[in-house]
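Multiple structures follow.
Paired with subunit B in one complex and with subunit C in the other, subunit A is shared by the two complexes that follow.
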Partner chain A sequence: MISYLIAIAIIGLIYVLLGLALNLQWGQTGLINFGHVASFAIGAYTSGLLSLTGLPIPLAMAAGALLAGLAAWPLGRLTVTLKEDYLAITAIGFSEVVRSVLENEMWLTRGPSGVPGIPSLFAGLPATERGAAILAALVIAAAIVFLLLERLTRAPFGRALRAIRDNEMAAAALGKNIVSFKTRSLVLGAAIAGLAGAFYAHYLTFVSPEQFTPEVTFNVWIAVIVGGSGSNLGTILGTFLLILFLEGTRFLNDLGLALDGSQLGALRFMLIGAALVLCMLFRPSGLLPPSTRSG
Partner chain B sequence: MQLFIQTVIDGISTGAIIALVAVGLSLVFRISRFVNVAHVDLATIGAYVTLLFASSLATPFPLAALIGIAAVAATGFGAYKLVYRRLRSERAITLIIASVGVSFFLRYLVTFIWSSNQQAFDLPLLRAYRFAGFRISPYDLMIILATLAVFAALHITLRYTAFGRSLRAVSDNPSLARVAGVASERVVSLMWLIGAGLAGLGGILLGIKAVLTPYLGWQLLLPAFAAVILGGVGSVTGTLAGALIIGIVGELAAIYWLPTYRVAAVFAMIVLVLLIRPQGLFGAKAVAK
Partner chain C sequence: MGISRRDLLQRSAGLGALLATTAGGLRISVAQEAEEIRFGTLCPITRAGSIFGPGAQKAMEFAAADVNELGGLLGGRKIRLYSEDSQSDPDAGVRAAKKLIEVNQVQTVLGTWSSGVTMAVAPIVMESKVVNMNFSGTTDLRDMKKDEWIWPVAGSNLAYGEMMGTYAIQQGYKNASFMAFNNPSGLTLGEEFKRVFEAAGGTCNVIVYNPNQPSYRAELTKALSTNPEVIALGSYLPDTTIILKEWYALGEPTKWIGPIWAVSPALVDAVGAEAAEGIVSIGAVPNFDSPAYAAFKERYEKATGQPVLANPFSAMGYDMVVTCALAIEAAKSAVAEEFRKKIRAVASPPGKKVYTIKEALDAIRAGEEIDYEGVGGNMNFDETGEAKPYFGYWIAENGKLDFKGPVKG
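So, the complex of A and B:
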């Protein structure tokens, strides 16, 4: 039971990192990044593969975050000046291309069967202690990212991002370099998602293309939107609710619903889709909208 | 050369299907001003409803296809009435996120009902026509001809009928159109019905060429979007031309590169268009900004 809870908490915190990253891009800056999973995947694969070549894990994880950030840069330069719809679809395209590279470039990624045997974080410890240690490391990482983003929110940089989100033309008229701000937000968010991916790889010790489908992106989206776009605390709350929902629905069958595994999975995503729609219709600002001072 | 021309012929048939899905995406983008991600999932629904009637209920295939198209038109219209219409005064961002929700709901509804296993229409195998050393299957020929007929009809409708004039008026300036007495609600509703129905037709035709999975339509999102921006948002003939180009490029990439890199080729096209001509090859107005 305790190792089950630790496992859920680890996945939950990885989602918190992903959510905080998306909240910077979407909540603070208004960028519709529908390709979030691509940064997650790049971070996971980069860190996993580099550590297999013998690079120490912390360095590999840093490289994963860095590369995920760098990979988002051209996407930002290309699309942030265009209408928001263009970024949305282009980002989906970006993540699909990343996934097809993972599936096809056997020499690099070993194709659809994935990369096994990635060195685990804290490999010297027995299983339960290992989980607890990874959890502790993730708590620290998430806390640092959270504090960093909170600071950023209050700093002039964060105010500029929100100004751009709320009224791009006015921000431009005040001399803000829109492209530069948006691109930096996108890149920083992608790097955080890459870090999440690195943790994921060194926790599971296995990565494969099918872990990085668009569903991951939209899980994170629903967490941010339900929690309250623009609010880091709201994002954490939203992630908590998402994990509760994903784990809770495992036990739906105990209530007498005779669904097979794939039907249960499908039902879960139907509910997530419906929740997105309902949020947009009735509560677009989420459960914990940012306070007026910081929002 | 032989292989090249053969590939181009296959690409035209794929492009025709992309065009049918893209045209609704384009019209909605023009009139309601957001990219309706769920539009491509309507194609999936069209294919599966047709499968249901053709296989399980033994309805003749053309009739089953008509039922499929009608079901899709109803679904698309329902989504408009229930979701998009209520959000029409919101920013495009809100609408596009809602459309992702609708997309998820529809795709996993299909998964829930029909499972994610591959399925196929039970159609007879027909011998390919041959001319000058090239082969074209009767189904591909039918797909191409049907698409051309649909686009001819659409072009005439938009150019020469009262509905077409109203639609163009609404898309150019919604408030002016309303003041001028154009019943914009009716026009927009009709546009959603037509766009959705055509997406359903596209899904059914794709189901003839490929296997059915709940991702059938999702795979068309990038190609259809590429066709829309390549052809210029809102231009029906531009969309057709853009879709044919995308279809051919995708097929060439599949043959000369790797089948699974079709998506990468389409993505490269999107990037190129956005870099060089965001208003599209055939679009005149700067609509991208």
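So, the complex of A and C:
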């Protein structure tokens, strides 16, 4: 039981990192990044492949985050001058390009077969302890990212991002360099997503293009929107709620609903959908929306 | 942050209630009598594999019920199945496997489908000391060190490619094209088809295409450019549907061969009787020679309304549970670490061929060596730990996919 909870918490925290990154890009800056999964994938593959060449895992993970950030830079330079909806389309395109590369550059990524045998974090420990150690590392990483982003939100940089989000024209008129601010927000968010990817690769020890579908992006979007766009705490709450919906529904049968396996499978998705609709109906600005003062 | 205390209370109350219900569920599932032997199933109930998953899971339930009806194993211990949905997705599959292993404390994770799911679940089952039997055909799985934890039973893509090539040669074709979906399954099928076909003196031109395209016109034109007598497919249902419709519109004559998961009754329905006419489907077939097959067929078709030939994984799912049950009886242990070493012994030669659970259990209890022949296949595991199913072929005629007979290798 405890290992299962640890496993779920690890996936949950990886999604928290992704959520915090998206919250910086969307919640703070208003960038509609529909290609979030691309940064996640770049982080996972970079870190996984580098560690397979013998690079120590911490260095490989840092490289994963760095490369994910760098890969977002041209996207930022090219597209942040576009209006929001155009950025959304370009970002989807970017993530599909990344997935195509993963699927087709066999020499580098082994194509659709995926990369098995990636070294696990804390490989020396037995299974349960290893899970706990990975979880601890993730808690520390998420806490650092959270504090950093909270700090950033309150700093002049965060205020500038929100000013751009709310009225780009006015911010530009006040002398803010819009392109530079937006690019920095995009790159920082991508690097955080890359770090999440690196944790993912060294936890699962297997990555394949199938794991980096647009669905990941939209799960993160759900978490951010349900939690409250613009609020880091809300994002964390939204992520936990999403994982609770996704995983908690597995236990419906144990609660005495004697359903056929295939009925349960279908019912789970209906319940998840209904729960999300209800959240939005009763809490249209999220469970923990940012207060008007800081948001 | 301006959150009032009342707000926070209100918000956390709902969350707390949800947590409490989930925790209640966990408690129930942990408190079970120790007598039961816990089997986990992880079939693809939703999304891509949903044509096969529910049927396979149903057949596993039959097998568990049959064993229990005969009085269970090891002097009266019943099998209890815990079933999860892999959602045909590696990520969800891993979480579900963790739940089965950690929460339900199962000894098996049976019925994983799609190479991605099985490859992602593989390190977890081996580390947790749980037996996995799967319907995955990737050659990565064939090559990896499985150490008797992981058993593919549905035939690798090598077997499918070989059978499609064999069939094409038997039809006297000399010039073929192969359209391969760009994933391990499609590519292996293509390579193996080409190998078998060219070894018999034919020529084969392999075209690889990428998934999720609205049109495959360019790839189709390339495949037709060598005027092949036959185009073989390493594909799936959605892309095959588009390819066949586009081919029909072009009006260039050629024959088609595809694997059963792509060339299925659903494909014939989707493209229409005329476009589908004459297309050949190669697939695993159940073990027609087993005396237990007829009864299984009737029971399965009555329970699901799906013809058993449309889902060969169902009969194999039945065999998975039976094989594990027999191994448990033979090993005199319901612990995966012990009974995995008997899986090959009870299912593969040498030994007395047995076809029903009763026969098999009686023989094991009498101390005889047995070779269980399943309803889904002969379950003879080769040196890599993989069982090869029997194959047959279907031809689409007048809007229906008719089963014609076995393909002999």
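In this text, the second predicted complex is superposed on the first by the 261 of 295 C-alpha atoms of A that agree within 3 Å, B and C clash if a C-alpha of one lies under 4 Å from a C-alpha of the other, contacts with A are read in each partner's own complex, and residues count from 1 in each chain.
Just so we're on the same page, a contact is a pair of C-beta atoms (placed from the backbone, for glycine too) under 8 Å apart; a residue touches a chain by one contact, two chains touch by 3 or more.
Everything numeric here is computed off the predicted structure, so don't read it as measured data.
**Q** In the overlaid three-chain picture, which partner chain does A:251 touch, first (subunit B) or second (subunit C), both, or neither?
**A** Second partner only.
**Q** In the superposed arrangement, does A:127 touch subunit B (first), subunit C (second), both or neither?
**A** Touch partner of A:127: subunit C, not subunit B.
**Q** Examine A:40 and indicate which partner it touches, taking first as subunit B and second as subunit C; both and neither are also allowed.
**A** Touch partners of A:40: none, neither subunit B nor subunit C.
**Q** Can A:288 be said to touch subunit B (first), subunit C (second), both, or neither?
**A** In the superposed model, A:288 contacts subunit C only, not subunit B.
**Q** Which partner does A:211 contact after superposing on A: first (subunit B), second (subunit C), both, neither?
**A** In the superposition, A:211 contacts subunit C only.
**Q** Examine A:269 and indicate which partner it touches, taking first as subunit B and second as subunit C; both and neither are also allowed.
**A** So A:269 meets both subunit B and subunit C here.
**Q** So, A:199: does it touch subunit B (first), subunit C (second), both, or neither?
**A** Once the two structures are laid over each other on A, A:199 reaches no partner at all.
**Q** After lining up the shared chain so the two structures overlap, which partner does A:15 touch, if you call subunit B first and subunit C second: first, second, both or neither?
**A** It touches nothing on subunit B or subunit C.
**Q** Which partner does A:181 contact after superposing on A: first (subunit B), second (subunit C), both, neither?
**A** In the superposition, A:181 touches no partner, neither subunit B nor subunit C.
**Q** Does any part of subunit A touch subunit B in one structure and subunit C in the other, and if so which residues?
**A** Of subunit A, residues 100, 103-104, 262, 265-266, 268-269 contact subunit B in one complex and subunit C in the other.
**Q** Quick one: in the complex, what on subunit A touches subunit B?
**A** 30, 32, 34, 78-79, 81-86, 88-90, 92-94, 96-97, 100-101, 103-104, 218, 221, 225, 262-263, 265-270, 272-281, 284
**Q** In the complex of these two chains, what residues of subunit A are touching subunit C?
**A** Within the complex, subunit A contacts subunit C at residues 1-4, 7-8, 11, 100, 103-104, 111-114, 116, 127, 204-206, 208, 210-211, 231, 233, 237, 241, 244, 246-248, 250-252, 254-256, 260-262, 264-266, 268-269, 287-288, 290-294.
**Q** Any idea which subunit C residues touch subunit A in the complex?
**A** 1-3, 11, 15, 18-19, 21-22, 24-26, 28-30, 41, 43, 45-46, 50, 53-54, 57, 83-85, 87, 89-92, 94-96, 98-99, 101-103, 115-116, 119-120, 122-123, 127-128, 138, 140, 144, 182-184, 187, 210
**Q** Quick check on the complex: what are the subunit B residues that touch subunit A?
**A** That would be residues 29, 34-35, 37, 83, 86-87, 90, 92-98, 100-109, 111-112, 115-116, 221-222, 225, 229, 258, 260-261, 263-264, 266-267, 270-271, 274-275, 278, 288-289 of subunit B.
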